[in-house]
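Structure record follows, encoded as structure tokens.
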Amino acid sequence: MNNRAVILFAGVALLYVLTGVLLSWNVSLNILILGLLSAIMALGVNMQWGYAGLFSTGIVGSIALGGLAVVFVSGAPVPQAFAAGGPGVFLSAGWQLIFGLTVAVAMIAAAVVIWTYMPRGRPRAITVAAVLIAGFFLYRAIFDPAVTAIEAFDPATHGNIGGFGLNSIWAWPVGGLFAAIAAWAIGKISLGLREDYLAIATLGIAEIVITAIKSEDWMARGVKNFINLPRPWPVPYEVEMQADPGFLAFCVNWGLSPITASTLAVKGIYIGMFSLVLAALIWLLQRALNSPWGRMMRAIRDNEVSAAAMGKDVKRQHLIIFILGSAVVGMAGAMYVSMLGQLVPGEYTTLRFTFLIWIMVIVGGSGNNWGSVLGGLLVGWLWLIVDNAGPLIMGAVTSGLQDGPLKDHLIDIAPQFRLLALGVALLLVLRFSPRGLLPEK
Amino acid sequence: MADPFLIGEAMTGGYGAADILNACTIAVEKGQIAVIVGPNGAGKSTAMKAVFGMLKLRGGQVRLNGEDITKLSPQDRVAKGMAFVPQTHNIFTSMTVEENLEMGAFLRRDDIKHTLEQVYHLFPILKTKRLQPAGELSGGQRQQVAVGRALMTQPQLLMLDEPTAGVSPIVMDELFDRIIEVARSGISILMVEQNARQALNIADRGYVLVQGANRYTDTGEALLANPDVRRTFLGG
Amino acid sequence: MNFLNALVALLNFVVIPAASYGAQLAVGALGVTLIFGILRFSNFAWGDTMAFGTMVVILFTWLFQSMGISIAPLPTALLALPFGILITAAFLLGTDRVVYQFYRRQKAKPIILVVVSAGVMFIMNGLVRMIIGTEEQNFADGGRFLISAGDFKAWTGLAEGLAIKGTTAVTLVTALLTMAALFWFLQKTRTGKSMRAFSDNEDLALLSGINPDRVVQVTWVIAAALAVIAGTLYGLDKSFRPFVYFSLLLPIFASAVVGGLGSPMGAVAGGFVVAFSEIVVTYAWKKVLTYLVPESWAPDSLMQLLSTDYKFAVSFSILIIVLLFMPNGLFNKGK
């Protein structure tokens, strides 16, 4: 870290402190928690873009898959739904659903194998198409009744297949794994083609992931939202703390209100945990970047043709980095949901969770891990402060105006203004300082 | 001595730090054919590009009809009456033959029908294929389209970068005949050729380049008769 | 009789909606493919360009309505269309001057332009939401139905009705005229041919004296027209919501890629391929099948391949199939 970095980080820290002093410490810490998560997501995107020059517009998909992992790992088990029977259900609903999904995957795998090993020509195309179509109907025949049975069980509170009820910290790596699997599939298809095809294809896969989470109620209750997910170890609940005599005594000793103290403590623990993950990631990434592998990645990014000529398998390396980057983003997505304690599919919009993360990476400094962290904390703060203080600020700006439709409109549009402002910021950085606030060395 | 119609005089320059051309001089007289030959990597195409302004010169001058055009962009040189046929990617593959020719005449505001007829007269096969996409033609026919497109600007100087690369010997002879015909109509021709012997046969003036510098400069006939040139560059 | 009923149901629920949606996608995809062919990048701001243009059209529609100007039975929006195109074209030319031109001069990699277009997307998105808000806007006026289902039933005596909405007819006619005008322009005019030449072989186009700046400017103006027309037709047919326009990116990109990015013919075909697949796959076939098979065979389920929520999955699957097996698209032979 050089002087410039120190000054910039100090500046961002000052923003958070000012928010705490002027607005409220609760808001400031909330933003910091989300800023840290954004920084982790930005690190993952920076791996793809900064190290390898891959432009993926499916970040929101990875984040949502990470969130879904929390529901599966930590959601309460619903044994009645899993064991449910019904018309067309010959196993228990849960097992039949898993069986149906297995059939779907097996059919796709079979199609790929046939495509690879059969000689080119019409028979091959027809066989593959037949396998896929037959497979689709078979899958639907097994899968649909199971879903109906599961969703029929107590739809007001459940209607989902249930999770393992484990501590949600286990969901973090699983979230990464989910995102990695999706990245593997999409990378296999669209890497090695024109570079904007990856951008288009990832836009599509993200859209499908979000649609599935919204409409497949058996997974996570869809748009009915999934609430009451447990907190990750070792984060306590405020009410438990307030009932703990030791904590109460501590509060009395220091003259703190137990409610304030417990909220701040919980936030502090989250900040500590997320910072730890962030630090570990940066340490790993910095090592990787300075290893022979990191040098090779940069060589490929800077000149694909000559790297390929030197015998580097460019497509394979791109696939690896694409998967790793997506996994990091997916893990951050899981961390986010485990902290919120709920999965709200409606929240996952491309603008907020794909392009905003992109702005963090580019403004912070493509290719520089510290830059991504800075971008995450800075842009995250800018974005969220508008949610919290936007109407306030706009109210102050427009205080000279008379009350009326214009003033109402101006206050209403404050949150939209940030889209414009961030777009302008992105373009200015790209144009005048394309290497970002903290350039790659 | 009066200037030739076109002269690139003592041209020095290259793409990166190292110069590819070293005080190389190329000139063509009105209505004549000048040919640049030489071993691979001698800077033949580079010399041609330098004359056309696709390469920044560190030294030397290019003059067309006595006017210094060293600073002009390739586009401006087209307007001055120079036409260039690149070695590859020299046609619009998705457009018809006739559209290719029309695009050649893009800058002209007058009636192009007459020139179009002239090109079809020169290359009759193009007339029969005029509504076909140029990308579907054979190699030799594509070269004809490429030359035809360049002629549509009504140039005073036609520059050809290896026009016979990748075409059969029969097609090559045919193409050379057409090039002579073009020169007879008063258009100067400057070309780079791999097939040195055949090219020098039709050349009024030949330039043998080695390492970006002039090694031999003479009439085509004299170069073909020169035993040194024969031994070193024409394979005996 | 049953066969006729099935046919009418098929027309009413599949063919007509798909043709109308396909026409909207085709016009949108033409813009994407044109920008790709000339400027050589995938424009992620396209959905928001459509939203921006449609917003301008809506504002002018309201203005005309408040002034009492009407071209009933045609929707007032058609009258507002030229104004929308004018303002959007000015906006796009402005963005080109301020934003894209710099990267073009630098000969930046296409992916940089894609990222830049995402920045432009943010700006347009913000502008649209600030000016007209995020709410749904219905701005279709004029005749509701060309043929209403009731009239059709009374007239033919069939059990199934065939309804043709006014907006469907407007969509089809406008889209057809737009495409015809564009193809005439590209095939027959000097400027149009120079655009094709530039798209085909930029270096040779320069050697032929074609002015790249002019080609680019004309492209933006045409793109603006296409964006505004596609967006307005979609909004008339359904409704206007900024975020829906953003998500139209996927089917529109899919349409353009299916036909081969850069090929206008391909974009049109791609638009209809995507629209028909989307509707065929997400339509509940129960009704049509019930007419066709003997009563005892009538299906219990909806006979729907995928729920309508997954319509984007259809565009996506088409996209993937094309990327896997024909990366140059259906209409670009080995390039």
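Letters A, B and C name the chains as they come in the text, with residue numbers starting at 1 for each one.
Operating definition for what follows: contacts are C-beta pairs under 8 Å (C-beta built on N, C-alpha and C of every residue); 3 or more make two chains touch, one makes a residue touch a chain.
Given the structure is predicted, the values throughout are model-derived calculations rather than measurements.
Shown here, the protein chains touch in a chain-like sequence that does not close on itself.
In this assembly, B is the chain whose CA centroid lies farthest from the centroid of subunit C. With centres set at the average Cα position, the gap from subunit A to subunit C is 31 Å. Work out the mean CA point of subunit A and of subunit B, and you get 59 Å between them. Distance between chain centres (mean CA atoms), subunit B to subunit C: 46 Å. Annotation for subunit A: no residues touch 2 or more other chains. Contact with two or more other chains is made by no residue of subunit B.
Interface residues of subunit C facing subunit A in the complex, by the touch rule stated above, are 41-42, 44, 99, 102, 109-112, 114-116, 118-127, 129-130, 133-134, 243, 246-247, 249-250, 253-254, 257, 305, 307, 309-310, 312-313, 315-316, 319-320, 323-324, 327.
Across the complex, subunit B meets subunit C through its residues 74-75, 78-79, 84, 86, 89-95, 99, 102-104, 106-107, 149, 153. Contact residues on subunit C toward subunit B in their complex (touch as defined above): 190, 193-194, 196-197, 200-201, 203-210, 335.
For subunit A in complex with subunit C, the touching residues are 53, 55, 57, 136, 189-190, 193-197, 199-201, 203-205, 207-208, 211, 214-215, 349-351, 355, 358-359, 362, 412-413, 416-424, 426-427, 430-431.
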